[in-house]
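Below is one structure; the comments refer to it alone.
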Amino acid sequence: MKLAVLVNEGPYQHQAADSALQFTKAALEKGHEIFRVFFYHDGVHNGTRLGVPPQDDRNVTQQWSELAEKHNLDLVVCVAAAQRRGILDASEAKRHGKDADNIAPGFRISGLGQLIEAGIQAERLVVFGD
Amino acid sequence: MAEPWEEDEGPVKKFMYVNRKAPYGTIYALESLEVVLIAAAFDQDVSLAFLDDGVFQLKKGQDTGEIGVKNFSPTYRALEGYDIEKLYVEKESLEVRGLTADDLIVPVEVLSQDELSKLMDEQDVILSF
Amino acid sequence: MATLHTVNKSPFEKRSLDCCIRHANPGSAILLIEDGVYGALKDTAVSDKVSGALDGRKVYVLGPDLHARGMSDDRVIDGVEVVDYAAFVDLVTEHDRVQAWL
Amino acid sequence: MATLHTVNKSPFEKRSLDCCIRHANPGSAILLIEDGVYGALKDTAVSDKVSGALDGRKVYVLGPDLHARGMSDDRVIDGVEVVDYAAFVDLVTEHDRVQAWL
Amino acid sequence: MAEPWEEDEGPVKKFMYVNRKAPYGTIYALESLEVVLIAAAFDQDVSLAFLDDGVFQLKKGQDTGEIGVKNFSPTYRALEGYDIEKLYVEKESLEVRGLTADDLIVPVEVLSQDELSKLMDEQDVILSF
Amino acid sequence: MKLAVLVNEGPYQHQAADSALQFTKAALEKGHEIFRVFFYHDGVHNGTRLGVPPQDDRNVTQQWSELAEKHNLDLVVCVAAAQRRGILDASEAKRHGKDADNIAPGFRISGLGQLIEAGIQAERLVVFGD
């Protein structure tokens, strides 16, 4: 079945970010298609490549990046939510005159329309948040 | 009646935005509204439900001048211009909070808990904020 | 038209489980995840409410989140089913929609 | 030894205000801020509990947060005092410690 | 007795770390513990209170293998080695949650709500997580 | 009086970040000394310089930076919490082999001992969070 996932909280602060990851892995293992994972609200913080979690703990962003590469996942970070919170890709950084960007591999920044499209195209949408 | 997604112009789904949180304490109310405004461009069947603390989002007379935060409540009045006209508010949630429909910034349809529960079960997609 | 409801908040701290149960129609299912798993425990101040919800509805609890919190399956209310992530996925696909009570 | 307690959660969503009132000793003060200001309103399901807390304690509500949420001062429970940020600072310095019920 | 901060070696204050949230659902339990470990180096009077959902932090038998998150509960057992020995748990909070002191990973002092409230009012600094 | 402030949530997602800012401003206006503002948990996100909030809304980080400059405030971001969440200064970035940093002007990254010290030195500690 074609599924979509919405992630509304950042990594570490709330388990919601882990739950979304575990659910996505389990769905892929069962052979389902993940149409898109959309990161909204503080969920955009999942998409930073600058995180350095302790070595004895999980690296949520890296797990998403690896999963995206392995399964060709579409990981979309909401542009409006990301701008507010300081998550930028190179072109966004340039557009806003910022001297650095921080988006992680496998994530792309796009508009809220991508969330609506996921709701239309996927057969089920599962929301993880606080 | 044919299922809407069997029509030629592509699927039309029933999207419900469920708002259960108070404004300003957290950003969910504002960012939920931002999704709704985008959703309006997609020609889907959009409705908004306000229950639990979500009913506070529609309170008249919000004045954020003293906290330096943007007052986004006028946007609810603009929804009609986007053809978003199905706003449902749960009666029991209002009562517990000492509110009536007169306290709200826009005209809404007040539904009982049972009516709202039934309506939720008729949706294709539920976005919870 | 059956809905899968998810609850991820502790019923001792937030009212999400209350709200969910009040809105979960007969025939629907409730899945307790994250801090929501505390709602599945026997002999607590909310056990009766959850037992009552079993009348006409299915209630599931996510085992991985239960075990993380040091709760063994034998502390779970009779009739509440412990499931893993694979079964979580099945619940999603077997129901018509998922509603998260955040 | 008087404590200033702060509560920033809606009493309709979370149990923080409950917990705070149960632990706030006589002579202490409670300040409602952010979504906590809804606890200061008349004619709600929690008004009686807050009125009861006034017995032996002072209860304050932050006006800027109240007004942001569209609530005028005349909707506030009798005996609960509406204060501004400057008075919030005074409350902090006039009490021996501040305890946040997050 | 002289006020402790009148002594030559600088102020000694009573710090209480108040833990009211369940573990894993949010990070507060873990990051609160990280503060406590640092606090141990400062020669202050440190105590930890567990009430409301905070009592779940001390539940025996936590096994996070299936969720891929670090199990930090063994650290509570290490606190004694840091000379942090005042761990207070609220009786009423345990009861509501169907727990007893036997369910907890470390020995604690179980206090009634009234006793804990009095103790809180004797602190100089209260850190809430 | 000498006050300290602890901020446990990031900007925009929770009003706690705004409340801490308004409280600090009010305390300074009344002539109190702010010994330190410590950012912990998701509060570390207040310290990114990459945020671009909408032009009709407030910029929380910029207000902290301006306040720090005007009043010589000590704004300390917890290093452990910041590493987890991808808030780095130039030396942290270098140390962890990251190609960018994002700390905002007026903020500095330091250890949790700074929070304890604030509790010892300040006469009152006020906590803002979720």
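To keep things simple, chains are lettered A, B, C, D, E and F as they appear, and every chain counts its residues starting from 1.
Operating definition for what follows: contacts are C-beta pairs under 8 Å (C-beta built on N, C-alpha and C of every residue); 3 or more make two chains touch, one makes a residue touch a chain.
None of the values given here were measured: they were computed from a predicted structure.
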Neighbouring chains common to subunit A and subunit F, by label: B, E
Touch-network distance, subunit B to subunit F, counted in steps: 1
Per Cα centroids, the chain farthest from subunit C: F
Farthest-lying chain, centroid of Cα atoms versus that of subunit E: B
Between the pairs C-E and D-F, the one where more C-beta pairs touch: C-E
Centroid distance [mean C-alpha coordinates] between subunit F and subunit C, Å: 38
Rounded Å distance, subunit E centre to subunit F centre (Cα mean): 25
Length of the line joining the C-alpha centres of subunit C and subunit D, rounded to whole Å: 33
Centre distance in Å when subunit B and subunit D are each reduced to the mean of their C-alpha atoms: 29
Sequence positions of subunit B contacting 2 or more other chains: 24-27, 52, 67, 69, 125-126, 128-129
Shared interface positions of subunit A, touching two or more other chains: 8, 12-13, 15, 22, 41, 54, 80, 125, 127, 129
Junction residues of subunit C, two or more chains touched: 8, 12-13, 15, 34-35, 64-65, 84-85, 97-98, 100, 102
All touching chain pairs, where touch follows the definition stated at the start: A-B, A-C, A-E, A-F, B-C, B-D, B-F, C-D, C-E, D-E, D-F, E-F
Interfacial residue positions of subunit B with respect to subunit D in the complex: 21-26, 52-53, 56, 59-67, 69, 71, 73, 96-98, 103
Parts of subunit F lying in touch with subunit B, wherever the complex brings them together: 12-15, 18, 21-22, 54, 56-58
Subunit C-facing residues of subunit D, complex: 12-15
Residue ranges of subunit D touching subunit F (in the complex, touch as defined): 6, 8, 33-35, 64-65, 84-86, 88-90, 92-93, 97-98, 100, 102
Contacting residues of subunit B [partner subunit A, same complex]: 10-11, 13, 15, 27-28, 31, 34-35, 38-39, 41-42, 44, 125-129
